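Here come two complexes built around chain A, the first alongside chain B, the second alongside chain C.
Presenting the complex of A and B:
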């Protein structure tokens, strides 16, 4: 009896330990590259190339200063932010109603519609970019923040539709019906009952759209010139840059996105339903 | 939390409205370039080279994909923002019809290289681009490698056999292969085979592709490969591996070695490419500036083109991009280390008694990529795949012949001129 219980606790202990080890491993998996990126950003060029690597950075700011003075980084950062915000709004404005319709109504061609939404991701952007750019030039959308945001919205839309679809499906239709019996019309029931319940999820899918826009390079490089976004502006230039500038440029690209995601992490978690509502 | 979302939401909406209402700012002359991409080069182009121009120029370097797509889109739409293009000779061949004629451009007192001007016509009667700068490929070495140099070998007049022996000695004495070759996906390996190995062993680039001499050349390269750092299949710009000291002796484009020379000028040397039985093959690379017919301000664009050919601008460009002038200039003595080191290696290489220049492919149009692919595939099958040299050469010669016939391209140096497409014997 007693031996049996020690065996059980022994097994439990092993299980607990392996969970802990996995957690530590996964954290390191994410944190070590970010640490190396930051540490190398604040090292002098000679130290970046040296081997073995230093563990602590020497807080040499040469590489960082280069980017501070690099022509156009500020405005590109601002453009990226503007495009990402517009993408966020448009993808929710179009995606959420579509998600609601998919979850609440039965209509002809529903399945076709779902496939069509996914199809927008089936075509590689380099293939679409040429006709798109020709059309944009003719219509006058070329080299505008709005034009690029429209393209990014199309890219983000499948995710917005699918995420909101599952959000609305997760809210029992009985709640809505109860609101109707208590005197709400359809719109009121939606605004007063459904919307507050799905709000965190909507915010999460909006953030997802933001991230998709933030990371997109090809369309941004072809469709914008004066209104370049940060990845389009920097990513191609970093390809052939020396190592220490690659690290610093990487940090310039990653840190704003990290800060943004850290600020909104609560909403991001709610996408998987683990936030405290 | 709800109010936070609402507030952020409101702020975002307000911001977006202001964005949509925003109108475009004043127009700069757009310089759409494939060169000068690395951040510090782009910075130098803006600060040192283009700041002297009378108008304001927006210098935008790009990857090949976006560069081409944007240009194609503007040509197709019949209007655009690109004022001036900057790209390699080979990039322009597809667009000859869409480039403005620059025959009437005033180059001032710049004495332009005649051969390069002729290349700039792209086989037409009009001047399609004006040469902007040139570069080539050289060898570079860490000074630590010099003590392993084979006895009696002159670093400025190496042969391929001596290079192989040198690499072998280094591998044996240091315990790891110290020769590095840019054979990665973005490495310029095909230029080595086209402009260095083939002319050095066969005195040809195309015609003698499958000759017995070519077979010897590939077997020699296989031998060299056995003393080459196996990481080479991932290398692109060899300056990185020189700086990390992963390898000691390398072959690459001068612009892709510049950082190593500039950062540690006392640790590295540049020297001419080796010679083979038929001379010291090397390949000069020409970059040109052109104006698409859709340019919004043709006059300003032409002014910028002639400004780029100005001797003073050419010297600034050399400092910024490590590409060499195409006009006659007198170089000042305060040039960066990369310029001095590569410059003297280039001078020794092109001035050597056995120099055997092989030009960049001419007249292939949009088949340039397929032409290079033949050499890359041959390398991968023979050297990486270990296939039989003769069989691979016979098979690839067939592909090469098809490319030449389809492009209907006559031979270029070092192959003797031909009537009709350049034959593959």
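Presenting the complex of A and C:
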């Protein structure tokens, strides 16, 4: 028995190695660009353009400092922050009730609804951009933080719905029912039992919405002019900026997103039904 | 006064009829067990009483209040769930106090009642723990304490012991019975375990495919099953059923023996007798059967002997010092006053 399981046939060995190689390849695929980005960000402008490269950055903060003081960066950062926060609030406010309904109630068209939620992500934004811009101009939402946040909410909503759906589904109905029999109405049971249990997940889902908004560039570029968010601002102004500034800009965009994604990875996995931890 | 009256309650899930017109009364302070195979509608009925499910038709009364339109919290009930449903984000103490806090009981009174019910269930050492730090049996105790703490008129339990291992289940059975006997609550207890039902119940209501087929005392259910189903469901080893040809005038031919039974028109009935109600005798009398022993299972206190009587299987319980082996011919004498008769529909004939 035990020998049988330890004997590895040639085929298995090849399979194992190809898995390992794929893992290494995928990790490098993701990590190398991030490393280069960070390394170049913390190199002096001269080093960025020099060749051959150093393995370690010199931890020179000149590019970052220059970038942060660059005219417009501050206000773009602030706009990004405002839009992302609004997106976060709106997508949870709308998405969590939808996720709750999906997990707790049987209703007609439930499956269709779930597919539709995902389909919104498949709809190409560029196709929507022009009509949307025209409409926003008509109602006076163009070039406003709120208008952009609404578009970002639409983008973040499918994830908010699906993540909260999986969160609420993870809370046994019996807990809620036990609360009802112990004197709670629906709302009290939700506040006293369900909400505390899903709170960490809701926070993760909110952060995810924040990141989606933080990184979104297309709608931001089309729908804002004066009140650009950071990605839109960078797209516009860094096109012909020196290389070291591009790196600094890229890092400012990527790093917060990375940190956030890392914080919520557990919930992203459970969202796709893989593992819970 | 918390008598529960269920009037013509029916429940449909889409096309499935989970419950057909159920009528049942549970007396004040009574311990009623709903017993039936999995899927027969026990949980559905319990949830309708609790208010977690709405009946398609019918009424539910608790005391002199009609409750079927009320929310669970307004029915004066507490429920113990099969998977315990202990709130994971609260300590044991807070779990037990939950219902009391909801009804705004004074803090000193809460403390008193939590400690008392926890003591009753022997979990007073665990009050500061969370559900994740408890064993299944301990969680079960928390769930019961939580239900008892609110001093409800009615306690509803849905297979509360089915997730525990055999030994613990037996221990909890006895404990629950004594605790509930001391309290003034009316209890409906759902189980599919007949031993649990027999040992705990004041009265057993046996469910089958969405109907209550018999509701009476454990002994009565065992001795006088109202239908063939009840007879076959209750008892281990199960009741024997043998074909009985009607000879007219209340006489029947059962496996070659002439036996007196009920007067009935049908050409055939079924005779039912429990394995322990058949004696193996040395001398052959009228109404006795000749059986050929197939299997002998020694169970310590007694032997369980499976015989073939006229091509039909018949189990007999014999004393453990009787010497029998497969192939032996035995003389079987059913105890006349313990014999029951059922018609082709499975209804009892008297």
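Note that the second predicted complex is superposed on the first by the 198 of 277 C-alpha atoms of A that agree within 3 Å, B and C clash if a C-alpha of one lies under 4 Å from a C-alpha of the other, contacts with A are read in each partner's own complex, and residues count from 1 in each chain.
Quick note on the criterion: contacts are C-beta pairs under 8 Å (C-beta built on N, C-alpha and C of every residue); 3 or more make two chains touch, one makes a residue touch a chain.
All values derive from a computational prediction rather than experimental measurement.
S.K.: Kindly say whether there is room for both chain B and chain C on chain A in the superposition, answering fit or clash.
M.R.: With chain A aligned, chain B clears chain C, so fit.
S.K.: Report for A:68: first if it touches chain B alone, second if chain C alone, otherwise both or neither.
M.R.: neither
S.K.: Does the superposition put A:178 against chain B (first), chain C (second), both, or neither?
M.R.: A:178 sits against chain C, while chain B stays out of touch.
S.K.: Return first, second, both or neither, reflecting whether A:133 touches chain B, chain C, both chains, or no partner chain.
M.R.: In the superposed model, A:133 contacts chain B only, not chain C.
S.K.: Thinking of the overlay built on chain A, is A:28 touched by chain B (first), by chain C (second), by both, or by neither?
M.R.: neither
S.K.: Which chain, chain B or chain C, is in touch with more residues of chain A?
M.R.: Between chain B and chain C, the winner on chain A residue contacts is B.
S.K.: Could you tell me if A:196 is touching chain B, chain C, both of them or neither one (first, second, both, neither)?
M.R.: Both partners.
S.K.: After the superposition on A, what does A:188 contact: first (chain B), second (chain C), both or neither?
M.R.: second
S.K.: Quick one: smallest Cα-Cα gap between chain B and chain C in the superposed arrangement, Å?
M.R.: 12
S.K.: Intersection of chain A residues contacting chain B with those contacting chain C?
M.R.: In the superposed arrangement, which is not itself an observed complex, chain A uses residues 196 for both chain B and chain C.
S.K.: Per the contact definition, I'd like the list of chain A residues that touch chain C in the complex.
M.R.: 172, 174-175, 177-185, 188, 192-193, 196-197
S.K.: Residues of chain C touching chain A in their complex?
M.R.: Those in contact with chain A are residues 50-52, 71-73, 77-79, 81, 83, 85, 87-89, 98-99, 102-103, 146, 150.
S.K.: Given the complex with chain B, which residues does chain A contribute to the contact?
M.R.: Checking each residue of chain A against chain B gives 45-46, 49, 51, 66-67, 70-71, 82, 85-86, 88-89, 126, 129-130, 133-134, 137-138, 142-146, 196, 199-200, 203, 218, 221-222, 225-226, 228, 232, 234, 236-243, 245, 249, 266-267.
S.K.: Can you check the complex and tell me which residues of chain B touch chain A?
M.R.: Counting only chain B, the residues touching chain A are 1-2, 5, 12-13, 15-16, 19-20, 22, 24-25, 28, 30, 37-40, 42-43, 46, 58, 60-63, 65-66, 69-70, 72-74, 76-77, 79-81, 237, 239-240, 243-245, 256, 259, 263.
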